[in-house]
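Note that the chains are named A, B, C and D in the order they appear, and that numbering of residues resets to 1 at the start of each chain.
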Amino acid sequence: MNTSNNRVLVIGGGMAGIRTALDLAEAEKNVILVDRAYSIGGLMTQLDRTFPTNNCDLCTLAPNLSEGSRQEHIELVTMTTVTDVKGTKGDFTVQLETAPRFINLDKCTACGECHKKFPEWVRFTPGLDHRAPTCMRYPQATPQAFSIDMAKCTDVKALMESCPAGAINPDDFGSRREVKCASIVFVPGGALFDPSHLDYLGYAAQADVVTSLEYERILSASGPTMGRLIRPSNGQQPKKVAWIQCVGSRGLQKGAGQYCSSACCMFALKEAIVTKERFGDDIETTIFYMDMRTMGKDYERYFLRARDEFGVRFVRSRPHSVLRPAGVDNLVVTYGTDSGPVNVTEEFDIVVLSTGFRVADDVRVLAGKLGLDLNSGGFPTTDGFNPVVTSVPGVYVAGVIEAPKDIPETMVQASAAAIMAAGDLAPAEKVEKTEADQELLPPEFGVVGEEPRVGVFICDCGENIGGVIDAGALADYAGTLPHVAVSRLQGHGCSRESMRQIQQIIVDEKINRVVIGGCSPRTHEAKFQEVIRKAGLNRYLLEIANIRDQVTWVHANRAEGATEKAKDLVRMAVGSVVRSQPLADHSLPMNKDVLVVGGGVAGMTAALQLADHGHKVYLAERSAALGGQAAKIHRTLEGDEVAPLVRDLVARTEAHANIQVITRALIVDHSGLPGMFKTGMQTGRQMFYRQIEHGVTILATGALPNRPAQYLLDECSQVSTQLELQALIAENPETVRTWDNVVMIQCVGSRTADNPNCSRICCQTAVKNALRILEVNPEARIFVLYRDMRTYGFQEEYYQKARQAGVIFARYSAEAPPQVKAVGNMVEVTFNDPVLGREITVNADRLCLSTGLVADEDGNDELAMIFKIPRTADGYFLEDHVKLRPVDLPVPGFFVAGTAHGPKLIRESVAQALAASSRALTMLARDTIDLGARAARVDRDRCAACLVCVRACPFGIPYINADGYSEIDPAKCHGCGVCASVCPAKAIQLMQFEDDRIMAKLEELFERSIA
Amino acid sequence: MKTESKLEKVLAAGHLAVTSECGPPRGCMPDKVREKGKYLEGVVDAINVTDNQTAMVRMSSLAASAILRQEGLNPLLQVVSRDRNRLAMQADIIGAYSLGIDTMLCLSGDHTKFGDHPMAANVHDIDSIQMIQMVKRMRDEGLFQGGAELKNPPKMFIGAAANPFADPFELRVLRLAKKIAAGADFIQTQCIFNVDKFEKWMEGVRSMGLHKKCYILAGITPIKSVGAARYMKNKVPGMDVPQEIVDRMAAQPKEKQPEEGITICIETIERLKKIEGVAGFHIMAIDWEEKVKEIVERAGLLPRPVV
Amino acid sequence: MDNFEPVIVAFCCHYCAYTAADMAGSQRLSYPPNVKVIRVPCSGKVDAMHVVKAFEKGADGVYVAGCLEGDCHFKNGNTKAARMVAYVRRYMDEIGIEPDRLEMVTMSAGMGYRFAQVATEITEKIRRMGPSPIHAAIETGKAA
Amino acid sequence: MITAERKPLEELIEYIRPYRRILLVGCNECVTVCAAGGRKEVGLLASGLQMALLKAGASIEVREHTLERQCDPEYVEELVPMLDGVDAVMSMACGCGVQEVARRFKNKPVYPALNTKFMGASERQGVWAERCMGCGNCLLGETGGICPIARCAKQLMNGPCGGSTNGHCEIGDDVDCAWALIWERLKELGQQDRYVEIAPAKDWRAGKGAGPRKIIREDLAE
């Protein structure tokens, strides 16, 4: 065990903790990941599908998890709590207490026999609620193991006997230990608001009133109803479902947080869309909301789709009550609307409460032990410009504990926290490891041209396989197949002992191809590839016959059919493996230099981080000076001055020995592969051409302030943007003091037909500037005309403050925007007040427009073409996965930070810049880039240069080269095989899935079936 | 006077000319031709005889024209470039003129896809404009298209079609100009329901002075029923039937619809009369020849002038 | 053929359908053993040739299982697969094999129940249809 | 490129029914590019023919081979060693390839597996459209680079007929009106005056009018 203190402690095994740990481990930093639960994954593993793609996240999340468990740099400690923390940055001492699992993780194969026999004693449910008992937490659980509730167990002996692997250990008493670490990432996640005490919402009394997470479980394929949407009260399919927003948020109920929970609007939209997708016109969906807060990237479009394509109904109202009167089958929701004083009642079958986030009590206690300052909601206070930095040096936060947020922002902060925590570590020594590696792996045998000698190893996996079919007989049968030199029964093939035996047999019997009959290749291929590689075989001379997950587990009741199918699968695997050829993993030497494009806050932050980690950074800025848009901003909503931040960043960037700043740089060409790029640019006043070689690229090119010709902007001197207003307040307060009336109009140039998305920053800007005006001129009357106030997270508190200070917030609809007219040196603004229900005219001394941000259409278009990076419809760079990989671009080796990704605040840009650096660091830590072997290969003699592959490739990789045939760069190929399937000349093969291997499987399958 | 054509004489004398059409029968029924001709006797100045209209095989337009000629009527021979190459066409033109047929209309013809022989080859050795050129050359220079001399040339009064409602609209006047440049003496237009659009087209025609170089006969079709109106609106390529016309027809009970169709027809003629450059009317009463007289009469175009 | 047991090949994409098949396993959802899965990285990798050869070798049914629409891990391999399947179905009609013996299905990785359900339904359907005419002809050929 | 489509299987089966062993020959040129007769299509057809015949109680051996180009005799020569014992050859090339194979192997019946369609371009993946009729006297320079002979249903040379609607041909909305395209392009080029000139009647002798054509390059011809 690693007792060195040169590592990072990550507290919390949710998505944030996993991301942080993975980033650190991939950057070759040691991590100890502590989680209270018996398997990691946190809240996200409970979701059915995630917005905005509506993907089922299980499959995107699962690889992360198993990756996590494999990484040698991560020590995973589950069922464990932190009881005490001492020390300072660089040298913390932490006390851990582990609860007994009663299962030996080294032995458990997650076969599920114990749970099958004694479901009451085995922990296997998330324990969310009696109404949502899931049958499994999630199938890709890490560690792949169960946990025993010993308190409930009445027959320890029977339980022990139920385990074919002998993994149950009743003498587990848990443990305590002390660990040392240099820094701590505190990512305990959020708890959800419990609405049980709110009688008027009926949650405690009515089965059909559920929280949004419970509804999610009902929708989930792995949920209690297997994905069937039914009313908990009667099992019938509902016809009408309502969502009530802001339950537990915005200070609206007893016990609710004062903040906005940020994620619930999108959560509700997603649930409504998924519901409509499944049931179409058979179901009505209604969302009761206060302000629709879809301020994230492309979220507004998602909202519009919900409304216009799926017909989700939106009612701007906060319902008074959810009741079920005697004799009525349905829930009756009572609510008021703008259109009249009379309350409306409406019946629904299910009412979903969109419950917000809160900090759990024990988390608050733990935060206290860490010495963190907390705000009124119990969230740790953080640096004004760096959301992951807390009041305690060396302790970082990320995710919901920093402030309520959704998954992409959590992922961003998790990566940001990783690089901050890594910065506190002493530089690691790497020499030993590579030598050890070389010692482990013998040279590969040459197998080309040799007669195939196949070794078949059949696992019985205890009862899992052996209990259904005669595994020994199967091994005997395999022994009769052509080319099979050795065939044997291997018990638990994946146990350490078995793997050692297999390795030995390969060597002793001169085996040159291997078939494993056992678990799914999805989970076990890598493991067995390792085994045969250690035995001196190329790792791709392997086939796995999935006789457990896809035979014995599913045909337990048909022993004969199962036996025949297992034989088929083994025979197919043998037929295929004899045609397998050794393949080289594609790898490239890594260039460890970095190109950062854009010299604003995000670009400079990223450059400094990576330079501090020892990498040479080229920072290319289009304009003549560093600083970007932030240089124009005076203060943040919270009151922090921006100028010192920018000054400091510029000074540090220019002075850093590892950073070369290139101003007036215009990128003109780009070539190479991830890890060894070449980018050409014209620089300086003379436009000299120079080329830079670099391993990764960070795009931080920013966005531009929008300036639409609306509401007399640039026609009337009393009309300005918010950016100009804040300059005026700072520089010319005398003028501000003369104002009687100020009107602000929100969503100018945003959320329109041309620019459908929300600019995210404008609502808080309006609140900020309104409060600043009142500081200078307390007598001013300020009107903010808005469509939805989107003061997410803690911004909500400033919004409430502004209301209390007398700022008048009046809502307008897109269909009836305010009318403005220049009258003398005043601006006459007329708008319809929905509360008063009549038109109001204000003679304003100043009209201020919240114009937001737009993508740098020309600049981004050029870069997107040069770098081959996709963009969103509104021109921002499109990340690889909008949920889980928010700063990775689809082209490997490219990362995005700041407003080039979408509108965001300075501290959000900083977090993203840190995240991009962290992701870049994971790549830069490697000496070579391993690209795997599954890539398409073109036979130039057959290629007809027909362009079919060029057009079919989803990633645009193939091209017709100078010699006139298609060339597919294995380093760029994603390995889907579409090109191989469509090639009319059959000139393309996908390695590992060559046509002759697929044909061999068919051949072998029908060999017997038909014989 | 370029020819002996009665139509040319009527037009040259400054009268509003009237033509109508007769579709030959699908069978050896010369009497059918005579019967249709009878309805038009004294009512119109020339009778168009269609050439395998809508790409359906019928009695040849040459034969049917000859029958009408025998009856003392003035046939207007339609020739489409779809069915014959330049040899066959020239032969037919010489034959026609030899049978006393002195007026013709050069067309490209509907595509075979729409007819009863979709498997037939579309010949299109030359197109309609090249056909106009060819006939003019035969008449004025006494030369065959191939360049050889032609004895006793056919003095044909040459017509062409124009569709002001097809796309691209901006090409529609230019295409007319090309036809006139090629040698068209008169034009018969596609049937007009959208008078506004026709007026716009005529503006273009006048701005190029084309109405002075050639006689433009406005096409008119009486609609029998709301169904026919809808069909023409939606199904016939190059036809522009405004929704008001469909609505007007639909507003009438079924039995009153034919009457309404004729009324619309008369109103259209009245509007067209006022447009500068309209030299007459071409009334296409498909399988409704018996009504032509009523239309011409109600439009105040009877009696026809004697020239 | 009272005891007819069809042989059905399922080409399953690694990311969704194959994972769903494993999921059916971990949930112990039972389905008939007639379905034999061939794993491919993406349903778009399945070549018309693979499908046609399966029938030529004697398959009674074939289906291609990919990710749900819009969820393909390679952007749109599943829609390409669906077009390929439609094309081969027309070819099967020409050859004289009922096109209904070939299907395209989609599912997410979490849909173990759907994998089992699809496997059951398709097996039942093919069982009702009887052996493929090619399968039958091969048997007859062997007997002769 | 020359485009082609596979003939209905039924027709092909009628051709080969009398034989026990056939050689199916693909071509790696145009017909590969238009997905009609490359290696993949050869494989699919071989499989389909065998199945269809097997179903009818017959059996046939289909040998597969794809030539680099079937319309050149040197490549066709490659087939010689494969013809041993073969009763008939089925060619998956365009008409040119079929004839070249038939010319070389006088005593073997040669059958076409494809219907040769037209000279065209690929509009996008999987879609090919007619572009040229080989009239032998190219007038694309006059018509904005769009051929009215190949692309107008009536091969009108002087402008659109009265059936042109919204840029579509009267024969169907899936067919562009060539003249609408020409006009748009002439406008883009500022060459509207080209439209005003009357194109004279075409001399078809450069095309099929003068019978089968031949090109002889004196410097190359041996």
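Going forward, a contact is a pair of C-beta atoms (placed from the backbone, for glycine too) under 8 Å apart; a residue touches a chain by one contact, two chains touch by 3 or more.
The structure presented is a predicted model; accordingly, all values stated were derived computationally and were not measured.
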Per CA centroids, the chain at the heart of the structure shown is A
Chain centres from averaged Cα atoms put chain A and chain C apart, in whole Å, by 33
Chain B to chain C, mean C-alpha position gap in Å, rounds to 62
Whole-angstrom distance, CA centroid of chain A to CA centroid of chain B, is 72
Averaging C-alpha coordinates per chain, one finds the centres of chain C and chain D separated by a number of Å equal to 35
Note: chain C residues in touch with at least two other chains are 47-49, 53, 138
Residue ranges of chain B touching at least 2 other chains are none
Expected list for chain A, residues touching two or more other chains, is 952
Listed by label, touching pairs are A-C, A-D, B-D, C-D
Interface with chain B, chain D side, in the complex: residues 153-167, 170-172, 177, 179-180, 183-184, 195-196, 198-202, 204
So, in the complex, the side of chain A touching chain C is made of residues 48, 53-56, 58-59, 62, 112, 116, 135-136, 139, 220-222, 226-227, 520-523, 546, 548-551, 553-558, 561-562, 564-565, 568-569, 572, 934, 952, 954-955, 974-978, 980-982, 990, 993, 995, 998-999, 1001-1003, 1005-1006, 1009-1010
Note: in the complex, chain D contacts chain C through residues 8-10, 40, 43-44, 47-48, 50-52, 54-55, 57, 59
Seen from chain C, its contact residues with chain D in the complex are 47-49, 52-53, 55-56, 91, 94-97, 133-134, 137-138, 140-141
Interface with chain D, chain B side, in the complex: residues 81-82, 86, 108-111, 113-114, 122, 124-130, 133-134, 145, 161-163, 165-168, 170-171, 174-175, 177-178, 181-182, 190, 237-238
